[in-house]
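Accompanying notes for the structure given below.
To keep things simple, chains are lettered A, B, C and D as they appear, and every chain counts its residues starting from 1.
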Amino acid sequence: MSHNSFGHLFRVTTWGESHGPALGCVIDGCPPGIEFTVAEVQAYLDKRKPGQSKFTTQRREADEVKVLSGVLPKEDGVTLVTTGTPISMMIENTDQRSKDYSDIAKRYRPGHADYTYDVKYGIRDYRGGGRSSARETAARVAAGAIARKIVPGMIVRGAMVAMGTENIDRNKWDWDQVDQNPFFSPDASSVDRFADYLDGIRKDGSSVGAVIEIVAEGVPAGLGAPVYSKLDQDIASYLMSINAVKGVEIGNGFEAARITGPENADEMRIGKDGKPEFLSNHAGGILGGISTGEAVISRFAIKPTSSMLTPTKSINSDGEEVEVVTKGRHDPCVGIRAVPIGEAMVACAIADHYLRHRGQTGRI
Amino acid sequence: MSHNSFGHLFRVTTWGESHGPALGCVIDGCPPGIEFTVAEVQAYLDKRKPGQSKFTTQRREADEVKVLSGVLPKEDGVTLVTTGTPISMMIENTDQRSKDYSDIAKRYRPGHADYTYDVKYGIRDYRGGGRSSARETAARVAAGAIARKIVPGMIVRGAMVAMGTENIDRNKWDWDQVDQNPFFSPDASSVDRFADYLDGIRKDGSSVGAVIEIVAEGVPAGLGAPVYSKLDQDIASYLMSINAVKGVEIGNGFEAARITGPENADEMRIGKDGKPEFLSNHAGGILGGISTGEAVISRFAIKPTSSMLTPTKSINSDGEEVEVVTKGRHDPCVGIRAVPIGEAMVACAIADHYLRHRGQTGRI
Amino acid sequence: MSHNSFGHLFRVTTWGESHGPALGCVIDGCPPGIEFTVAEVQAYLDKRKPGQSKFTTQRREADEVKVLSGVLPKEDGVTLVTTGTPISMMIENTDQRSKDYSDIAKRYRPGHADYTYDVKYGIRDYRGGGRSSARETAARVAAGAIARKIVPGMIVRGAMVAMGTENIDRNKWDWDQVDQNPFFSPDASSVDRFADYLDGIRKDGSSVGAVIEIVAEGVPAGLGAPVYSKLDQDIASYLMSINAVKGVEIGNGFEAARITGPENADEMRIGKDGKPEFLSNHAGGILGGISTGEAVISRFAIKPTSSMLTPTKSINSDGEEVEVVTKGRHDPCVGIRAVPIGEAMVACAIADHYLRHRGQTGRI
Amino acid sequence: MSHNSFGHLFRVTTWGESHGPALGCVIDGCPPGIEFTVAEVQAYLDKRKPGQSKFTTQRREADEVKVLSGVLPKEDGVTLVTTGTPISMMIENTDQRSKDYSDIAKRYRPGHADYTYDVKYGIRDYRGGGRSSARETAARVAAGAIARKIVPGMIVRGAMVAMGTENIDRNKWDWDQVDQNPFFSPDASSVDRFADYLDGIRKDGSSVGAVIEIVAEGVPAGLGAPVYSKLDQDIASYLMSINAVKGVEIGNGFEAARITGPENADEMRIGKDGKPEFLSNHAGGILGGISTGEAVISRFAIKPTSSMLTPTKSINSDGEEVEVVTKGRHDPCVGIRAVPIGEAMVACAIADHYLRHRGQTGRI
């Protein structure tokens, strides 16, 4: 049992607080012979990194990852090869303005884990959220960069599909757009709308949530297990473990509860190549907890950033009523930066099931 | 690692297929000194049991639970006391019309795990869904009956809040209604509407999904862990492991992504008893993965029953295209029977975190 | 985490007390397509079964195993094929003379877990040792019968190599002898000696311990992991979990601490078939936690049966000093029956590592 | 499942190779509010550190530990308090003479994991043993320093009781002697003898093994679990995971197999304070897998250092026969430095069971 690990054969443990010297992860069980470069890992971290646009927190972290174990360098001096032993990665915290947080040391910020941490542990690192800071997700993204390499041919991509009351037009979905706007939106026509909307939110000292969709293609059929290690169950668990996530869906998700069986069914046929083929993918690529070979599709809902300028009634650790206004550097929509995090989590879940499936059945 | 277990300190392993001699569960880690009766466990099983109304499958199972280990009888001859050793419970399968399934032995029923099991394992118990049959959930319900006893004062209740396009009126919520209608609806005014709607669905040979809400009251603050053993994460995982579930929400859920920070915030004050008090519970009783002391609220979406009379195109294990019509006994809305299952899963998740919290911190 | 499970990919959970209705195990993660018969499992159980000779307890149990899930019958009606889902096996308790134990309900039998159970749980099933009865090992033996099938070509055999002060002559080792004497001795010349020795022990109302050696042949090189999932570590853990075991050795074991590096070294050469070959096997087939391809050799020491006619000073649960004489049916040397149990545990450990190795590396 | 972790509620994951930039550990599940100083951790590391006497390897490492997360400093600026979140500790590798190992890059050193790593992973960090280097144990010692704080009043101490053919005189046992000689011997009269013996071994270019005994006092009764989480089982597992360990004993250990029941029995009485009291401790403080309240006593046997000047026949990764002579800096008896490692492992095992016992039963 671990409070800070996920996965079984591809097992990730993360550690570190927002304002300690560093944070990091240990990947245990990575197959040997996987090749990657530090630059590849760094690229995913940069995608998640704050301060990239005016829509994300202005905290500036180099977020420079170091690989401390589990690899051997190839002759090119750049490529690293995994050896099968634990891969330890570390990111040092550089920009720590702890002063920003001193006035909220005792105040329980609504929507944050301040109160619950104190109840649980009786002690709490209040600087920047401590362990519950979204900074922890940098370690996930680093782990995800390796996970993406485990299943040959797998591509995991994510996009923001809704922010507050604004939605993308799914008919205009274009993966190439995602990296060309600060919202990770796959719909170019939505970008100005999202920008205007979020500007308004920020000027109001308010905040807003978002819905992120993750699509994993190239996932072989057969991953997952029938009952308590369902692939969708683990994806749900992994996504729900991301800070501020309040809902998770697979395939049709909640919509499936509103439609009929015939509407929700995915018919099958024998394709031109003689292989089984689905005519639709309402199931999101998973049946009975096991992948079908179709794209694995999941979505998660992120609540509005709890840190905001709008004053909120709360209490402090002395049992006094207080008013909380968070002046620190925070994203008006934390959901935006969750895209690479969601990708990383889905990649980790699938990588783990790939190894487990190979272990139990030997069929891949 | 287990494919068929959940929980850490309160750990449940289930086993059994729809048409084998029996199914059951083993509860490992239950505290000693917990008192229960077989009749209590049976009552929850009866609630889940098929054949209770015309709206659920007519398969009739006695679903009689036997407790095989881990308990000592008290002098009253009825009450059992747990000893701290594994509690094994078994339910024998009695009504097995395997013939009903013979014509679909090779056919991959759309929406079922038939195809994915064959891809994964190369072999499959096709009778009644085998391991992926909803009959497996009887074992969960039995385990949940014990889990409900772990946290002193905790009450876990569930209700159906939507079926297809029909919703309850939340203003008419009355827990006492739930057990008085075949839909587990908390809104008496919804019952006729649900009945008419489902009658129509059934007559069409169609099926429909549902949304179930589970409310756990009396959950002490402090349960859960900050990052990868979040209480909401585990509830999401447990609920997503139930057959046919495609979405999970905590508190405001997906709605949280649509509203603003001030709308979603739960303000706090010092209550009349001098204790911290929340003015609302949009968070669903969980902040930063840790319980707040408020009611823990979750919802899950169940897809329409995949087995239906509507013909659906599919293939068989010989690689031929076929048409599938399921004539076996099936619920037009499997979601209905999911209420006691959802309750059991939430009770198990909270029980586990209660013991873990006590273990790590000694604070309860 | 589990208190009553072992293994990761080949995971076994056992349940049941000595005097409850039944005991059993659930095997989770068994690969699909493994063939076995109930008779094969039964044969191992019969080997462990009490009442086989005057040297083992006269308690007579049919020890008839039932397979409740996880298999499909083949056309011959005898062979079962695993489906990849949990295999539940149950053995009903038939010969329960609970009266024999009534006078020791409150007395803490020295060397037994009576006192420690009461301290730990505050409640205890005193009948026949309850959960800590060696009857629990029947479930292990059943699980081991399946585990033996996982690694193609693997043979796991055990023998008693010492009882009290008597030892076998290792130069006379003949595996064929093991099943032809009640001591599982591989040395025919030792049998009369063991018989005389144990007769004397029994007549004295005393008891004695034994050393068992388990040899697993046909174990491919590469199983195990470098640091905390060493194959020898898991074998040590599994063997130490058997009742009354107080010591475990791999290869040269404690002797390795007494000899020099050159004496303990296993030199290598290229064999006639062009493959690597070891010139000796002091390491017991494991280097750095990973199997070498040589026979995996382990030994474990079992303490003298704690239940004996010799009066022993103790206390009872009322805090009074008492004298304990155990009149129930017990083996003067429980070590004898540990041979099939040790075999089962080693088979389970290796099976688990075989699947894990396949999962992580894909190299078998 | 983890290949590089141990423990359940007090869970330690280690990472790092002998010649990489650093090694370290992550402790997950440590209770909040535990106080310690870096100096305390460092003191245990210094005890294990090489280069302390002519009897240990001359590799000189600062072995300076850094605490990267999971703590808050107290006002004294020295004391750290655990917060309940993961504690990450790192030790940078400073003295890396990789050149020493270049000539054995392809040679399989007998007794080392070189061959088995290559078979398992197909790739191997050959520098100084890589992951299988005893340097990894520094991370265990750091974790153990925290584990020692978990159980109030517990003291865990170790001593070397035999080296090769030389033994201590147990009648001269004096804990105060242990830290006053380079052998961690509790018997002052043995020191010259050990020194002469080991000098001879070293001059011969040979090596020798040792037996270490670990005694944990102040362990409350009730820790452990009946069947597969026995306290002795976990101690055996933890100790066997230390490099070069080939045997483990609890209490009387293998001697228990040679004596009779009456000789091995630990009688009980009511002590002067009215509390249960054992008259002896042959059981080593554990009955039925659960602690009795007596000292928990374990021993482990370490094989002779495999790296030695004596030439040994072996093969290389090209399939050629070679002769191996290890000229690197190595201990003639690695067993000596295993004392603080064994202490750390036993402390971790007991700490874990303490938290698990509290979690399941709430009785401490």
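The rule is simple: a contact is a pair of C-beta atoms (placed from the backbone, for glycine too) under 8 Å apart; a residue touches a chain by one contact, two chains touch by 3 or more.
Please read these numbers as outputs of a predicted model, since none were measured by experiment.
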item	value
Self-contact between copies subunit A and subunit B, residue sets same or different by half	same
Reference subunit A; chain at largest CA-centroid distance	C
Between C-D and B-D, the pair joined by more C-beta contacts	C-D
Pair from A-D, B-D or B-C with over half of its contact pairs in common with A-C	B-D
Rounded Å distance between subunit B and subunit C, as computed from the means of their C-alpha atoms	38
Rounded Å distance between subunit C and subunit D, as computed from the means of their C-alpha atoms	27
Inter-centroid spacing, subunit D versus subunit B (mean Cα positions, whole Å)	45
Per-residue overlap in subunit B, given as positions that touch at least 2 other chains	1-5, 8-9, 14, 29, 32, 84-85, 120-122, 131, 226, 356, 360-361
Interface residues, subunit B side, partner subunit D - complex	1, 8-9, 29, 31-32, 84-85, 226, 355-356, 358-362
Contact set on subunit D toward subunit C in their complex	1-6, 8-9, 14, 108, 110-113, 115-117, 119-122, 131-132, 136, 162-165, 201, 204, 206-211, 221-230, 232-234, 236-237, 240-241, 243, 246-254, 256-270, 274, 276, 279, 283-284, 286-293, 301-306, 308, 310, 312-315, 319-321, 335, 356-357, 360-361, 363
Parts of subunit A lying in touch with subunit D, wherever the complex brings them together	1-5, 8-9, 11, 13-17, 20-24, 26, 28-29, 32-33, 66, 68-70, 72, 81, 83-88, 90, 120-125, 130-131
